[in-house]
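One chain, subunit A, appears in both complexes that follow, with subunit B as partner in the first and subunit C in the second.
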Partner chain A sequence: MNRRTYNAAAIAAEIAVPVAILVAWQAWTVQAQDPKFPRLSTILVEFREMWLFSQFELHVVPSLTRIGAGFGIALALGILLGIPLGLSRWGRIIAMPHIEWWRAMPPPALLPISVVLLHSIENRQKIAFIAFFCLFPILLNTIDGVRGIDPTLIETARSYGMRGFERTRRIVFPAALPQIFAGMRTSLSLAVIMMVLTEYFSSTSGVGYVLLISKNTLQLAPMWAAIVLIGVLGYVLNLLLILVERRVLAWHRGWRAATAQ
Partner chain B sequence: MAAPDLASTVAVGRTRPTFATAAGRLAPFVVTVLSIAAGLAVWELVSRSGLLSEDDLPAMTTTFNELWSMMHTREFWVAFGETVRGWALGLGIATALAVPIGILLGSSDFANRAFRVPVEFLRPIPSAALIPLLFLTLGTTLKSEVFLATFGAFWPLLVQTIYGVRDVDPVALDTARSFGVGRFERLYRIKLPSAIPYIATGLRISSAVSLILAFTAELFMGTGGLGQIMNVAESFGLTVQVYAIALATGFLGLAIYVLFSAFERWALRWHPSQRVTAK
Partner chain C sequence: MSTHAGQLLEVRNLAKTYGTGTKATPAIADVSFAVEDREFVCVVGPSGCGKTTLLKCVGGLLRPSSGQVFLRGKAVTSPPEEMALVFQEYGRSLMPWASVRNNVLLPLRHKKLARAERKALVEEALAAVGLTRFIDHYPWQLSGGMQQRVAIARALAYQPSILLMDEPFASVDAQTRGDLEDLVLRVREEFAVTILFVTHDIDESVYISDRVVVLKHAPTEVKEVIDVDLPFPRDQIVTKELTEFTQLRGHVYRLIKREQDEPTRRLTPVTTATKGETA
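This part shows the complex of A and B:
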């Protein structure tokens, strides 16, 4: 088989396999007649009716706001704390035990505590919870990124008389950026999970809340539509971040090498 | 920057360790211990001073006391064992599925491309979204918990295994082929060893994910375990107990993390990335 026919076959398979999976899902749900597994077509119709866009503002916007705010806080804190910690050995020796403890803590174990401690099941608790657990991947990756910088780079900047802040902004931060983005990708997918968990645990709005209510009232089609929406949200947010990363890191050698292949 | 480096080289050159070098090696350890002690002291003070009410944040000593007395009950250890069981089954089944499938998808460019879209689409799906579905289909059984933990732990391991198999040195592979080494032996002798560091990283990530989801299943669906007794304590307003269970869960998470990152370091010991950081 020559190169061209092989490529054509591979592209055909790339399209055929997902289509086959969806067709199999539809066929199985039609044949099973199980109310717990509504037909794929029913789910998609429900999806359109709920999310495009009658309940979009009521439930999707609050969820996205919480993800955005929590992720944003985590990003700012992670970089602001991570750069000095990456530069200071003693800072790391002091901070690492605390960071290691919280990053190993399973997030749902703090769900009831976050409600008690913050006296809230509204945005304050949701955003704080999302921000807290999104912090660690960004923080740890920033620290690693800063530590991995070629010392010659910093020494050169110093010998050119570049001052502390200037050096951090123009040398340290850009050099750590590829690794910071790696942390951001982990954190963003974590943010979606934390959003679902906090809303499913206690709330009055959001996609996780719809999931909980439709389960409690045994409305299976809306429940499936919410599951599909959460999947789409996770996928789209991940895609958006990759696009941003590609733009911001266009100068980076690793990226150029990776995209050239 | 240059000065301390010089000092340490000189110190290493000496035959007997001096007091200064011994102190230099001991200092980080002492500071670590002091830092942990300071953290615990702050917790105690914030609560005792009334900065945060003791109803909201029980003092550190109160919480540890509660955990200590819980550790003398059978219920605690049963719940602890159930959580560990859910975690282990989830991680074990995920490994048994993800590693062979990852090797399969990673070894064949065609298979990898054919399944790329479904994998990329299913991977970021938060497994938490499946909780209501599992609740309605499998109910509050161990099966639900294990399914959830397996689903979550499967993806990081699968992706890492695929990367690992694809990252195999092509020269080593071609050399083996030209020496007439068979397909199976190439897999066993070359592809698998070179993928093991990646699999170890995947295992570290998945071991945490599996615990999170086992606990989540217990908290939300009422499957037996630490999550379930936390849910009960919370609904009775037993805040101290909620904190003690969170503490126990944290220690379990920490133990799993320490264990699997030690394994990762061991699997990576020959890898260039380790040699660079070991300088």
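This part shows the complex of A and C:
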């Protein structure tokens, strides 16, 4: 098989399998006549009516804003705290037990207290909640990335008189970046989970809220439409992050391939 | 003790012991030598004699347990701006995320230079090592020998008065090694730079330098300092065919061989540490 036919076959397989699953689902739901499983066509019509775009601004925009803000805060804090902790043994000795403790905390356990403490079921509480749990993968990966820097690189920087912030910015940060991205991928999928969780628990808007309302009113088609939307959101967000990573870390793929020989 | 004119670097009674107490391992017992301005000095010794440790102490990366290093009469306590260090592990001392240009440029960023001056320094240094065509490549896209040339260019662009080189050609093939030796001899003239070069290769040490400092094995002392009066320019074939070259080479070889055959001197760590402290 030459390269062209191989690529064509690969793309066809990537598309054909999901299409086959959808067709099977439609066929099965038509024949099953089960109200718990509305027809795929019904769900898709519902999806179009709700999300393209009559309720988009009402529910999708708030959810995306919360993910964006929460993830952004976690990213900034994770790097700002992770780099000094990666560089300081004493910093780690002091901070690691606390990090491990909070990281082991199941997120739902903190939902009620977050509402009470922050006096909010709106953006303030949602963003803080998402940011808190997205922090840990980024923080721990940043610490690991900084600790894993080749000592020769640090010695090179030292021998050229680079110190303090300059060394951190020009050597430590770029060297740790591949691992920071690994943390970001974990955190981004966590952000979607936390968004749904906190909106489902208490809110007045968002796709998690739509799930809650459709459950309370026993409307199965909107519920399925919301589930499809959440899946699409998670998939697309992850895809965007991978595209950014490919650009920013193009050197890393090449370097790894070159040094693996 | 005053440093006489023309003397650029002085290593005075340098000692380095790793660890303390019963775990103390003396690496360097007592090493003294000097490097004149524009001189090319090679340090050779049996393997494991603390050559890298010595060079890191000279470069201000490691603090000696006792003794001192002087650069133009000033004690070295941290890496001086007048020194540049070329490591053996070129693949690990170059930044994989930066292009060849940016690798060479990076140390210049905190020097007070105009943008155009920086650019000129980078391009001049890369031209000197013959890598102008590869300026926008990543280092890992280049061969081992070329990567070490990037590291040399980075050191040259930094405009040091002394270049410290730690077994820079230990991990390239013989052919490339010869080319790099000649390249270093050439840029030494071009950039009027003093070089302190550590190697375990005896042929290389005689071929490349004005003077060879032969070390004993650890805990290290200077065994002998040999003047190399071979004519310049040196040539891989002609120079190495000279009787004088073979004699010098044989002499250094015997010194090191004798050193390796001797049973290790059992200096207790405590003795060495005390000796170092009072020196």
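The definition used in the following text is that the second predicted complex is superposed on the first by the 237 of 261 C-alpha atoms of A that agree within 3 Å, B and C clash if a C-alpha of one lies under 4 Å from a C-alpha of the other, contacts with A are read in each partner's own complex, and residues count from 1 in each chain.
What we mean here is this: a contact is a pair of C-beta atoms (placed from the backbone, for glycine too) under 8 Å apart; a residue touches a chain by one contact, two chains touch by 3 or more.
Not measured: the values here are computed from a predicted model.
> Is A:130 contacted by the first partner subunit B, the second partner subunit C, both or neither?
It touches nothing on subunit B or subunit C.
> Output check: A:155 vs subunit B and subunit C. Expected answer is one of first, second, both, neither. What do you get?
A:155: touches subunit B and subunit C.
> Counting only touches as set out at the top, which of subunit B and subunit C does A:146 meet: first, second, both, neither?
neither
> In the superposed arrangement, which partner chain does A:36 touch: subunit B (first), subunit C (second), both, or neither?
First partner only.
> Once the structures are superposed on A, label A:251 by its partner contacts, choosing first (subunit B), second (subunit C), both or neither.
After superposing on A, A:251 lies in contact with subunit C but is clear of subunit B.
> One more residue to check, A:180. First (subunit B), second (subunit C), both or neither?
neither
> For A:108, using the defined touch cut-off, is the partner it touches subunit B, subunit C, both, or neither? Pick first, second, both or neither.
It touches subunit B, and subunit C stays clear.
> Spot which of subunit B and subunit C makes contact with more residues of subunit A, would you?
Between subunit B and subunit C, B touches the greater number of residues in subunit A.
> Please indicate which partner A:81 is in contact with in the superposed arrangement: first for subunit B, second for subunit C, both, or neither.
Neither partner.
> Quick check on the superposed pair: does A:60 touch subunit B, subunit C, both, or neither? Answer first, second, both or neither.
neither
> For subunit A, which residues lie in the overlap of the subunit B contacts and the subunit C contacts?
155.
> Considering the complex alone, what residue numbers of subunit A touch subunit C?
Subunit A residues touching subunit C: 150, 152-153, 155-156, 158-162, 166, 170-171, 174-175, 177, 251-252, 254-255, 258-259.
> For subunit A, which residues are in contact with subunit B within the complex?
6, 9-11, 13-14, 16-18, 21, 36, 90, 93-98, 100-101, 103-113, 116-117, 119, 151, 155, 189, 192-193, 196-197, 200-201, 208, 211-212, 214-215, 218, 220, 223-224, 226-227, 230-231, 234-235, 237-238
> Residues of subunit C touching subunit A in their complex?
56, 59-61, 78-79, 81, 83-85, 87, 89, 91-93, 95-98, 106-107, 109-110, 138, 140-141, 158
> Which of the residues in subunit B end up touching subunit A in this complex?
1, 28, 31-32, 35-36, 39, 52, 56-57, 109-110, 113-118, 120-122, 124-133, 135-137, 208, 211-212, 215-216, 219-220, 226-227, 230-231, 234, 239, 242-243, 245-246, 249-250, 253-254, 256-257
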